[in-house]
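Going in written order, the chains are labelled A, B, C and D, and every chain counts its residues from 1.
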Amino acid sequence: MIRFENVGMRYGAGPEVLRDISFELKPGSFHFLTGASGAGKSSLLRLMYLAHRPSRGLITILDEDIATIPRNRLPELRRKIGVVFQDFRLMSHLTCFENVALPLKINGAGSGVIKKYVSELLNWVGLADQANARPATLSGGQKQRAAIARAVISRPKLLVADEPTGNVDDALAVRLLFLFEELNRQGTTVLIATHNESLIRRFRHPVLHLEDGQLVPSPLRPIVPLRDRAPPPPDSRRFSDPIYPDAPGEGGRHG
Amino acid sequence: MIRFENVGMRYGAGPEVLRDISFELKPGSFHFLTGASGAGKSSLLRLMYLAHRPSRGLITILDEDIATIPRNRLPELRRKIGVVFQDFRLMSHLTCFENVALPLKINGAGSGVIKKYVSELLNWVGLADQANARPATLSGGQKQRAAIARAVISRPKLLVADEPTGNVDDALAVRLLFLFEELNRQGTTVLIATHNESLIRRFRHPVLHLEDGQLVPSPLRPIVPLRDRAPPPPDSRRFSDPIYPDAPGEGGRHG
Amino acid sequence: MAKRRGDIPLGNDPASRLLPWIIGFMAFIAALALSGALVLAAFSDRWSAGLTGTLTIQIPPPAAYDDEAGFEALQKEALAAVRRTPGVASATLLPLDEMRALLKPWLGAGADPRDLPLPRLIAVTLEAGEDVDLADLGRRLEALAPGITIDDHGLWRERLTDFMAALQLAALAVVAVVALAAVVMVIFATRGGLLAHRESIELLHLIGAHDRYIAAQFQGQTLFAAIKGGIAGTGMAAGTVVLLGHGAAATGAVLPGALVLEPMAWLWVMTVPMALIVIAVLTARRTVVNALVRMV
Amino acid sequence: MAKRRGDIPLGNDPASRLLPWIIGFMAFIAALALSGALVLAAFSDRWSAGLTGTLTIQIPPPAAYDDEAGFEALQKEALAAVRRTPGVASATLLPLDEMRALLKPWLGAGADPRDLPLPRLIAVTLEAGEDVDLADLGRRLEALAPGITIDDHGLWRERLTDFMAALQLAALAVVAVVALAAVVMVIFATRGGLLAHRESIELLHLIGAHDRYIAAQFQGQTLFAAIKGGIAGTGMAAGTVVLLGHGAAATGAVLPGALVLEPMAWLWVMTVPMALIVIAVLTARRTVVNALVRMV
């Protein structure tokens, strides 16, 4: 469970870029996060993936109160959170394959397991041909897909994606959203910050809307009940889980 | 005038990512460039802003044959080309203001001129408050707008923009397109690579479409005659020209 | 494939690329300075061995020109007294012939000093490392007969030791500066690496890497750089020392003993790269651990 | 505001931050080594001045004990012969009293060598820098009377000069290594800077900057680093030299002349930072210009 209560956030000694944020994401929910450029979407996500501490308020991430969690237990919690960064943050000296494999490697997975799951996922996002390419030689959309693959490779309990479809065309964006929905169906809580209005219209998930650092009702769609979801699209495929092989919902076809 | 004749391009010893590209952009024209992720849009733009040489074919940029131009005349030609990079490429240690001022500074402009024009332009793209912020402290959309401001600050003869609206919402995207159109109206040749279909639908400029490294007719809109343009939107504003004060079409209101 | 390479491109950043060179240079200087100090120590020992470790005792001839028997008895007593002294290895009465040979240049080649009333000299060799109580010996000899004097070549020895000590002090000062410089440079290089890779480090943190996982990569990198640099620098210094020794020998130097290092001294020189490696790794570890806990 | 700072964040990258320290360290070592060589040179000059520059000529007493007049004539002739020799500054016959004082220790305090047939000694001072043809002088003296010998203290002088030369050779080897190391390090640091900032450089190129605009920033950066490091390192070395000199003086060393640098020698030491700065800037410029023409 994710819960924000009266959260404020500032960078350094600057003004508060987030103010009085309160909301709750149920386990297994799927939300969009919208707002104008500079409204604070990325900042809110930074709080969720534990890159920043709030200046006030209470944050609970996956049932952990992040104000009291000791530093040495942070890595464990972070391994349950997958992040797609707005600027990708791929390691420039590692290949596409190695970048995607990184979370598994840090988790101590064996190279056989790594090879199997990473190849499968690269295939899914359409990067099989670029497996051995360095990020510098990837196109914008290819980088973005590699970043997405890295975020989902370890089947996180919480997936946080910042503008994950800004560099791909609409067809590919829809395909990537299917990937997130598949993950969501297996129990992952998903929050996606996006500017893409056609995506939000197509995938009827509830929307959190930020305006100038505060949560306000979305002009596109007020927050709707959790169960009101679009049915899974026909070409969504499952992929197997390298880290939690017995995760709920597992057992689909393998690509 | 921009002309490509049977151009091919490869990175290092890799396969050709562009093949048999032939087209011509008339001075003062405005084109979109579309194509799936990895189709070669950014590569084509790299050729246009002289970051890469073709492996074959003939390229003429602003009436210069780039195969024969001596190295010491390249800077002069490049100063006439404004570029919005897909990954922004802001200098991380310079402020937003200094980044936008860079082309003027390299051109030898005085600090009074720089201050006037940069402030005006930052105002236009909505970054007046962030003038003294480093890129690392800007949001994704703010970075993108700074990159756009830097590309247009010196009134280039050719403007090349790679996915300039990937990180901003549709309203802001439209506003930025107005900026490009205003520039275009003053004589700048514009080429914009984008995935944003709603933008292409709204601004009825001709479309170059890439598929797997080759130019094919656009599914959205076949290339249309140059004069078939949308009328200027009501809120488009002119801004004054720091480098070519007597550029054609100059004389609008100053913001 | 992902296993062989570190996650952070540490080998790539400028600071890391410089580190082996810096450490190599410092190892070179430190090893050279240390070798210098050691060579000087051995050399000064050997040189002053010709001056120290020996005494000359001079027994004046008796005032009465004809007391031959008394003079000989006095010589024997003095010799016995000297031999009894702790720390004396041997003592010999210089034969009259040698005395005369010594005197010859002063008397002219043609002179025959056979019948002169000459003082007698006792050549004393001291045991190595022992300190002889010269004051006590002097008192005892004085008691036998006034006028017996001890010459311990003190001035020369003092000059030489002072000079050598000054040189050695300079050499050791250089070694100390190198150790300090090594700490400073490693701190800077490591901070440089942390700065250059702060985004990679943040990313690793955010995907769940422990501090020790990250610190290990820095430590490994520094260890590698220090080993490379330390060995290369010390090797070059050793080569220089050997070459200088050979060069000095080739110029036909008449120095008392060549300018070469003893085997034990080589062991000391070998401690230079080891010390540098230990200093570098510990410094890097401390710097990284301190920095990491302050990051996200 | 945009004017004050370079476009490329050169001061920020690890290699650039290290550069002043590296150059400082190298300046320290080079200045110290050069000072050492200079101190040794001056010192060895002063020390051997007591040994060289003088000769002793010994005239044996005549075989006939009573040929006083002949002996004195011989002494005068020899003295005249010596004084005629080019390069001789002065020559004095050692008075008999001094002769006896010299002999006293050998003859015993009580002996009176007044009536001994002593050889006579001529003390010769040579003109500084002049080379005297000793073989010719020897032949001429031999012609006057067989048995006249010349003692030029050669062995001592040779030992000392050899030793000093070996030390100076080592010091100059260090200076040479430092110069080489400076070139290598600057090349690496500059390449590191080029690598670290290759994106900034590409961007500057793409928005129309000339190569010289970019190269100037690197050169300025290196100049700044070299000035900082060169001055600091040389200053520290000068401090060390002064301290060592004082330390040596304070221990009451009986060295012939203190271990201090002459004013002229200080000027030489000052060339160290200047040479380093020139080496650094030229190397940086070359490296950058070579690299830039190969970029877009």
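Throughout what follows, a residue touches a chain if its C-beta (ideal position, glycine included) is under 8 Å from a C-beta of that chain, and two chains touch if they have at least 3 such contacts.
Here the structure is a predicted model, which is why all the values come from computation and not from measurement.
Undergrad: Trace the shortest chain of touching neighbours from subunit B to subunit C and give its length in steps.
TA: Tracing touching chains, the least step count from subunit B to subunit C comes to 2.
Undergrad: Average the CA atoms of each chain to get its centre, and name the chain whose centre is farthest from that of subunit A.
TA: D
Undergrad: I'd like the Å distance between the centres of subunit A and subunit C, where a centre is the mean of that chain's Cα atoms.
TA: The separation of the two C-alpha centroids amounts to 65 Å.
Undergrad: Indicate the whole-number Å distance between the mean C-alpha point of subunit A and the mean C-alpha point of subunit D.
TA: 70
Undergrad: Between subunit A and subunit B, what distance separates the C-alpha centroids? Give it in angstrom.
TA: Result: the chain centres lie 31 Å from each other.
Undergrad: Between subunit C and subunit D, what is the separation of their C-alpha centroids in Å?
TA: Chain centres of subunit C and subunit D, defined by C-alpha means, are spaced 22 Å apart.
Undergrad: In subunit C, which residues are in touch with two or more of the other chains?
TA: As it turns out, subunit C has residues touching two or more other chains at 12.
Undergrad: In subunit A, what residues contact two or more other chains?
TA: none
Undergrad: Can the chain contact pattern be summarised as a line, a ring, a star, a complete graph, or none of these (other)?
TA: ring
Undergrad: Which two-chain combinations touch?
TA: A-B, A-C, B-D, C-D
Undergrad: Spell out the part of subunit C that touches subunit D in their complex, as residue ranges.
TA: It is residues 12-18, 21-22, 25-26, 28-29, 32, 36, 58, 60-61, 63, 102-103, 105-111, 116-119, 147, 155, 158-159, 162-163, 165-167, 169-170, 173-174, 177, 181, 184-185, 188-189, 191-193, 195-196, 236, 240, 244, 247-248, 251, 253-256, 259 of subunit C that touch subunit D.
Undergrad: Would you tell me which residues of subunit A are touching subunit B in their complex?
TA: Within the complex, subunit A contacts subunit B at residues 11, 34, 36-38, 41-42, 86-87, 137, 139-142, 144-145, 162-163, 166-172, 195, 197-198.
Undergrad: Given the complex with subunit C, which residues does subunit A contribute to the contact?
TA: The touching residues are 49-52, 71-72, 74-76, 78-79, 83, 89, 91-94, 97-98, 101-103, 105-107, 111, 114, 150.
Undergrad: Where on subunit C is subunit A touching in the complex?
TA: Where subunit C meets subunit A, its residues are 1-3, 5, 7-9, 12, 199-200, 202-210, 213, 293, 296.
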